[in-house]
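Each of the next two complexes has chain A plus one more chain, namely chain B in the first and chain C in the second.
Right, the complex of A and B next:
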C-alpha cells in the first residue's frame, strides 16, 4: 500500500524497522520506517510518544509570571520560551521595550543560539558522524597535520596535544565507563571518517565542553542567574551604571560589559577556527561518499517568522528575515503573519487530540489541547505497549501545524534558505548569509577536496543546502553569524549607554489596572530548533488561553488530513541504510534537526532506557 | 582560547585555594509534583540557613549537560534529587561518592537523570571531578501530576533531607546556622514566581487544566515497576 505526496512515493510494503526511543534528544520520540529489498527507506513514521500539557498549567495565572513557568518546560531552550512569552504578553498589552533592553535581549538570544548549536553539534550530533572508538587508532602526528590543513589558525594542534587526548580517551574507554559514548554503533560502515578526523572531532568535543560554560556567563550577567536567567515583561531585569562599582547586586558597569565582550570574541574565534572547519571537513568527506541524503521538504517548504532586527520593531531590518517558501520556488518569499487565522493552523487528524471538526485546523489563539488516545485498527500490540504504529489513524502526541495548508520545515536551515533567497533579491541586512553560504559551497566543492586529495565537485547551493549535511552546516553558519551580530549589538549598547540612555525597562503598564479587560498577543523567537511562537489571551488580568507552537511540532508533525508527511518523515525518505539493525542513518538525519520533544510533547518516559530498541520486522 | 587549555591538564578544581569549593545542586522538574524534591530542597536550604563559608547553591532544574560546569567547579558536590529505588514514598537515601553515578543510572524516571549520570561521567573525562559527592535522594510518590506540587509523604521528609544536607556541609567544613534575617527574594535560588507557596496557591483547577499524563505510563506500580 502506498501513495504519493509532496513529491515522495510512500510504500509501506517492505520490512518495518522500529527505533524507540530515538536517543540523544531531549524528550521521547519513536520512529518507524519501511525499507525495500535494498534497505532503502520507502516510508517513514515519526511519533512523539508523550503527552504535552504545558499550556494548560498556565490557565488563570498572572501573565507576568508565565515566562518563569515556560522556562521550566524543557532543559534545553529555557531562554527562548521565556523570551517568547514576555514578547507575547508585551504584544497583548501594547508595551514597547527600550533600546537597551532590545539589545540586551538580542545578545542573550544569540548567546543561547551559539551555545545551543555548539553543544548540539559536538555533544549530541557529532556522534552520528564521528566514530569515537576509531579515534583510538589515529596517528597523533597525522591528526595534527589534518588540523593544520582544515584550520591553519587554530592554535591547539600539536601532535602531543592530540596524543594526550587520545590517551585520556583510551583510559576512559578501558574503564568501561563510556558514559556519553555508550550506545554508539561503533564500527558501522555508515561511519566514513578516517581515524584522524575522528580524533580531531573528539578533541574539539572536549574543547567545546570547556568553552560553553564561559559563554553562558553572559546570561548570568544580564539575567542574574544561570541556568535559569530572569526575564521581565517590559524590558530586562538589570540596571545599568557604566561607571558604577562591581559590588554584588550593583548595576551592570563597564567592567562587566568588557567581560561580555571578551566572551563574544572567544565565540567568534571558536566558530572560525573550530566549529565551521569541522563541519565543512566532515561534510565534504561524507559528500565524497555520496551522502547527500536527508533533505526532505527543506528544499521546497520552509518557514521562519524572521528575527534580529537592526532597528527594534522594524521588520524590514531583520538580519535573518523570515517568510515562507513553498513548492520549491526560492524566488518567491511569502510573508508570514502569525496573527492571520488563515496562515498558521494546527491539525489533529493524526494526533492524539480531539477537535469538534477534525478536517479543520485551528489558529493558536483558538487552540484546543484535549487528549484523545486511540490506536488505529492496523496497530500491533496493546495500548500500553505498541509494537507497530498505524499511521493511517491517530499516531502521535504532536499536533500537525501547517502554513496555509503546507507542511513546513523550520530551523537554522529554513532560516538560511530564506535569508539566502532574500539576499539574492537584494535584502540589505542579510548579505552576510549569502557570503557564508557561497564560501561554504566553494570549500565543499573544491577547497577541502583539494587539501584532502578528494574528487572536486560542482554542486549548486540548491543541491548542497537541502540535505542532512546542509542542515548541520546551516546551524554552524548561524552560530558564526550570531557571534558577529552580537559584537555589533555590544558596540551599539555601549554607545547608547555612553550617550546617556540608561533605561532598561518600560513599566508604564506593569499595573494590571492599566490593562484592557480582554486582549490577545503573539510572540515569536528564532529558537535554536526553529521558529517558536506563543499565543496568549488575557482576560481580567489573568491568562485565559495559552498556546505554544514549537519548532519540533512543525518538524516532527505527523500526517495531516491531506496525507502530507512532516519534515522528519520526509527527510528519511529514500535514504539507504548500511545495516537496518543499526539505525545510524536514521539517527543522523533526525538529529540534524536537533529535535526537542520536551516541549512538543509530555515529559515522562517509563524507564528512560537510553539504548534504542531496534526491531526489524 | 586560554580556557581550552584545561583540556590537557589535570589541575585541581580549587586551583590551590585553601578551602574546598562546595556546590549544592538541586535537580528535577518542579512542574511534575515530587520531581520537584531536589529543587525545593535547594530553595529551602538557602531560605532557612546562613553559611560560612558559603557553598554555591544551584537550582539545576532539568538542565542536564548544561550543569557540567557546576560539577567541574566543585571539590565537594551535594546533590538533592528524586530517585526511584522502589521504596515506600518519602524514603530518603544518602549515597556517597563512586556509588552516586550508578544510583542515578540504575533507574531513570525522567530526562535529567539520564542526563545527569552522563554529566558526571563527562566531568570525569575532562579531569575535573569532585573529590567527594553526596546524593540525598528521595523516593517520590507521584510524578504524573503536571503543574502539581510535592505530595505529603515527600513534603514530610523535607526537614530530614535538609538536616542530612546540613550535616554533610558541616562535615565538609561549613559553619551553618539558622538564618537570622529573612532572605532577600532577589537573592533566592528559585524565583518568587515559582516559590512553593505561590506555585501551589495559584494553580488552575483540574477541570481547567488536565493534570494526567499518557496512560501508557500511568501503569499502576507493581512489584517490578517500583
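Right, the complex of A and C next:
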C-alpha cells in the first residue's frame, strides 16, 4: 500500500518500527516508520500523544488574564505564548504600547531564543550526534588542540580542563549508575564523531547547563521569574526609575540595566566561542560522512510571520522578515496574512477531533474543536494499548494546519531560508542573515575540512540548508543573531530613557468599560520552534473564543484530506538507519525540529457546547 | 558507588570549599550550623538514590526550573547526588529502551527509589489524552508508584491540577494524591516551583534520609509556611497605605505595594519573597507585577489576576498554612481593606505621636 505526495513515495509494506515515547522533547509523542529491506525509511507516521484543552478553559475569562493561561502551554518556550497573547488582545482592542515596552519585550523574546536554542542543542539534541561513552577514549591533549582549532578564543580549553571532565565522566560511568545516559545507543554506527569531538561536546553539555541559568536572569529582571515571567496587556509591568526617589526599590533602575547588559555580553561570548563552532564542527564531520538527510519539505515549503521590527509597528523594518515559499521557488516570497480566511486553515481528517464537514479546513477565528478519540480499523492493539497506529484513519492529537492548502515547515530554518531569500532581493534589515549563512557554508565546505583534513566537498546553500544539519545550524545562527540584536535593543532602550521617555505601559484601555462590545484580534511571534499565532474574539469584556496555531502543529501535523504529509513525516523519508532496533537517526531528525507537544495539541469549542465523551468505534 | 564528596574532591575542590558548600546548604534549608557536620557526613557516605521522573499532562516548566538551580548546581544533582535514571525530557534512550529502564530500576531498587511526578494524569478519554508507550499515563503512574519509597509531586500540576484542571477541566486532569493514596507524597507546588526549593527538598531528603516536615496540605514547611506578603520587601508600603493605583504610575516607579492591582501575595504560601527566583535575582513583585498565586490550589479559578483580594486574613504573620487550610475558605479572616486601613491609621497615629513628642 502506498501513494505519492509532495515528491515522496510512501510505502508501508516494509518492517514497522515503533518509537514511543519519543524522549528529549517537550511533551509526549510517538513515531512509527516502515523500513525497506535496506533499512531505509519509506513511510513515517508521527502522532501527538497528549491534549490539554487550554482554549476551552479560556472561554469566558478576562482577556487581560489570558497571557498567564496560555503561557502555561509551554514551560520550555516560556513567555512566547504570553507575548503572542498580549499582542492578540492589544490588536483586538487597538492598544499601542510604548517604545520602552516594545524594546523590553523584544529583549525578553530574544533571550528566550538564545536559551531555548542552546538548551535544545546541548541537552535535548546533542546525544543524537555525540557518543558520550566514546568521549572516555579521547586524548585530553588532542581535545584541547581540537578546541583551539575550531574556537581559538574560548578560554576553557586546556588539556587539564578536559582531563578533569573526562575523569568525572569516567567515575560516573564506573559507578554503574548511568542516570540519563542509561540504555543509550552508544557505539551505534550512526555516531561518527572522533572521541575528541565527543569529549569536547560533552564538556560543553556541562558548560551550557551551568550558563543557561544565567541568561534567563534577564527574564527575572523584567518579568520577576523564569520559567514563566510576567507580562501585561498594554506594555510591561516593570516600571522604570533611573535616578528618582525610590529608584533602588523600583523594578528597573541603573543596577538592573547593568545586570541585563552583563548577561547579554555573556550570551554573545557563548554563541561565538562555543555554540556556533560546535555546530559547524559537528555539521562538517557528519557532512563528510555523507549524512545530509532530513530535509523533508524545508527546501520547498516554509513559512513565518516575520519579526523583530527595528522601528515599532513598521513591518518593513523586520530583521527576520517572513512570508511563504512554496514549490521550492526561493525567488518568490508570498505575503502571509494571518487575518485572511483563505490562508491559514486547520484540518482534522486525521486528528482526534471532529468537524461537521471534515473535508474543509477552518480559519482559526472560526475554528471548531471537539475531541474524538478513535482508532482506525487497521490499528493493532486495543483502544488503551496501542501497538500500531492506522494512519489511514485518525491518528494524532495534533491538527493539520495548511497555508493555502500547502503543508509548511516552520522554525529557525524556515526563517533563515526566508530571510536569506529576502536578503538576496536586497532587504536591508536582514543582511546579517546572509552573512552568517555564507560564512557557515564556507566553513563547512572548506574552512573546517582544511583544518581537520576532511574532503572539501562543495555544496551550495540551497543544498546545505534544507537538511537535518541545516535545521540545527539555523537554530545556532538565530541564537547568535538574537544575541547581537539584543545588544542593539539594550542600547536603544538606554538611549530612549536618556531622552526622557520612562513610559512602560499604555493604560488608556485597561478598563474594560472602554472596550467595544465585540472585537477580534491576532498576535504573532517568532517562537523558538517557528511561527506562532493566537486568534482571539472578545465579547462583552470576556473571551468569546481563543485559538492558537503553534509551530509544532505545523511541523508535527498528521496527514490532511489530500493525503499530504507534514514536515516531521516528510523529513524522515528516505533516511537509512544503521540499526532499526536503535532509532538514532529518527531521533536526530525529529529533534532537529525541537518538537514541543504540549504546544501543538489544543482544543476550542466556540459555541460552548459540552465536550462530549468519546465513543469506542 | 561514588559519593558527592568524592566527586567534588576529584574535581579539585578543597575540603574547605566542601565544608563551605555544606554550610551554604544548611543555610539555604533554614537549618542551623549544628547541621553542617550531618550534611557533610551524608554527602561523604551515601550512594546515589535512584529517581524516576515521570511526565504527565504538563508544560515542562518544572524540569526547566530544576535545571536553573544554582546551589546545588543541576549538573551536580544529576551527576553526583541522585541517579536520574528515567526522565523523558533528558534521557538518551527512547521507546522500548526507555521503558525497560523503569522495570529494571523498579526491580533492582524495590521500595528504595523516589518517584518524581511532573504533570498529572487525565482521566477523560479513557486516560488517552496522555499516552506513553501506547498506553494511558495513569497506568504508568500507578505502576511506578507501587514500589516507590516516596513520591514528589513537582509543581502545581502534580500537586493541585493547575491550568489544564482549570474550569471546565476538559480532560479531567487529576492531581497525583487523588489517584495514589498509599504512599507518602511531598507536594512542591508553584508554576513552576523555585529551582533552589526543588533541589533543597531533594537535598534534604538525601541528607537526612527522611521526608521533610509537611503541613496539612502536604507541602514542606521549610519553604511553604509563610505567605509572600509576610516577607515582602514592599510590605512597609502596604502598612503605610502607599499603593500602585495603575500601571506605570508614580507608585509603580517608586516600588509601592501592588495589592490594589491584584497582588495575591497576602494569600499565597511560597518562598518567592525570601529565597527569590533564579539565584535570588528577583521575584514577581520586585519586577513590578503582582503575585498571581501560582503555588495555591485552584489559583486559576479565583477571579482575575488583577482583581483586588477581598477575603484575606487580617493582620500580620500569625496565621500559618495549617490554620488557613483548616478554616473554611469563606470564613478566613477580615477584609484586607480593613487591614490596610488599620495599618495606615496606626501609622498616622504613630507619626502623630512622634511629632507630638518632637513638639514637646
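Quick note on the criterion: the second predicted complex is superposed on the first by the 590 of 617 C-alpha atoms of A that agree within 3 Å, B and C clash if a C-alpha of one lies under 4 Å from a C-alpha of the other, contacts with A are read in each partner's own complex, and residues count from 1 in each chain.
One rule holds in what follows: a residue touches a chain if its C-beta (ideal position, glycine included) is under 8 Å from a C-beta of that chain, and two chains touch if they have at least 3 such contacts.
Note that the structure is a prediction, hence the values are computed from the model and not measured.
After superposition onto chain A, the partners chain B and chain C occupy overlapping space and clash.
By the touch criterion defined above, A:244 lies against chain C but remains apart from chain B after alignment on the C-alpha atoms of chain A. Contacts of A:156 after superposition on the shared chain: chain B is touched, whereas chain C is not. In the superposition on chain A, A:270 makes contact with chain B only, while chain C stays out of contact range. Of the two partner chains placed by superposition, only chain C is touched by A:132; chain B is not. Residue contacts after overlaying the shared chain place A:211 against chain B, while chain C stays out of touching range. In the superposed model, A:592 lies in contact with neither chain B nor chain C. Comparing chain B with chain C, the partner in contact with more residues of chain A is C. In the superposed pair of complexes, A:381 makes contact with chain C only, with no contact to chain B.
With both structures placed on the common chain, the touch criterion links A:56 to chain B and to chain C. Residue contacts after overlaying the shared chain place A:504 against chain C, while chain B stays out of touching range. Within chain A, the residues touched by chain B in the first complex and by chain C in the second are 26-27, 49-51, 53-54, 56-57, 61-62, 65, 68-69, 72-76, 78, 119, 123, 164, 168, 172, 177-180, 206, 209-210, 212-213, 216, 224-225, 227-228, 230, 249, 371, 373, 383-386, 397, 598, 603.
Touching chain C in their complex are the following residues of chain A: 18-28, 30, 49-54, 56-57, 61-62, 64-65, 68-69, 72-76, 78, 119, 123-124, 127, 132, 164, 167-168, 171-172, 174-185, 206, 209-210, 212-213, 216-217, 219-230, 232, 234-241, 244-246, 249-251, 259, 371, 373, 381, 383-387, 397, 502-505, 507, 510, 582-583, 587, 598, 603, 611, 613-614. Put simply, chain B touches chain A in their complex at residues 1, 3-8, 29-32, 58-69, 72, 101, 107-115, 117-118, 120-122, 124-127, 143-144, 146-147, 186, 189, 191, 193-194, 202-204, 208-211, 213-217, 219. The part of chain A that touches chain B in the complex is made up of residues 26-27, 49-51, 53-54, 56-62, 65, 68-69, 72-76, 78, 119, 123, 155-156, 161, 164-165, 168-169, 172, 177-180, 203, 206-207, 209-214, 216, 224-225, 227-228, 230, 249, 266, 269-270, 273, 369-371, 373, 383-386, 397, 598, 602-610.
Touching chain A in their complex are the following residues of chain C: 1-2, 6-7, 10-12, 47-48, 50, 55, 57-65, 67-70, 73-75, 78-79, 82-85, 87-95, 97-101, 122, 124-137, 139, 162-164, 166-171, 173, 191-192, 195, 233-234, 246-248, 252-255, 272, 277-279, 281-289, 292, 294, 300, 304-306.
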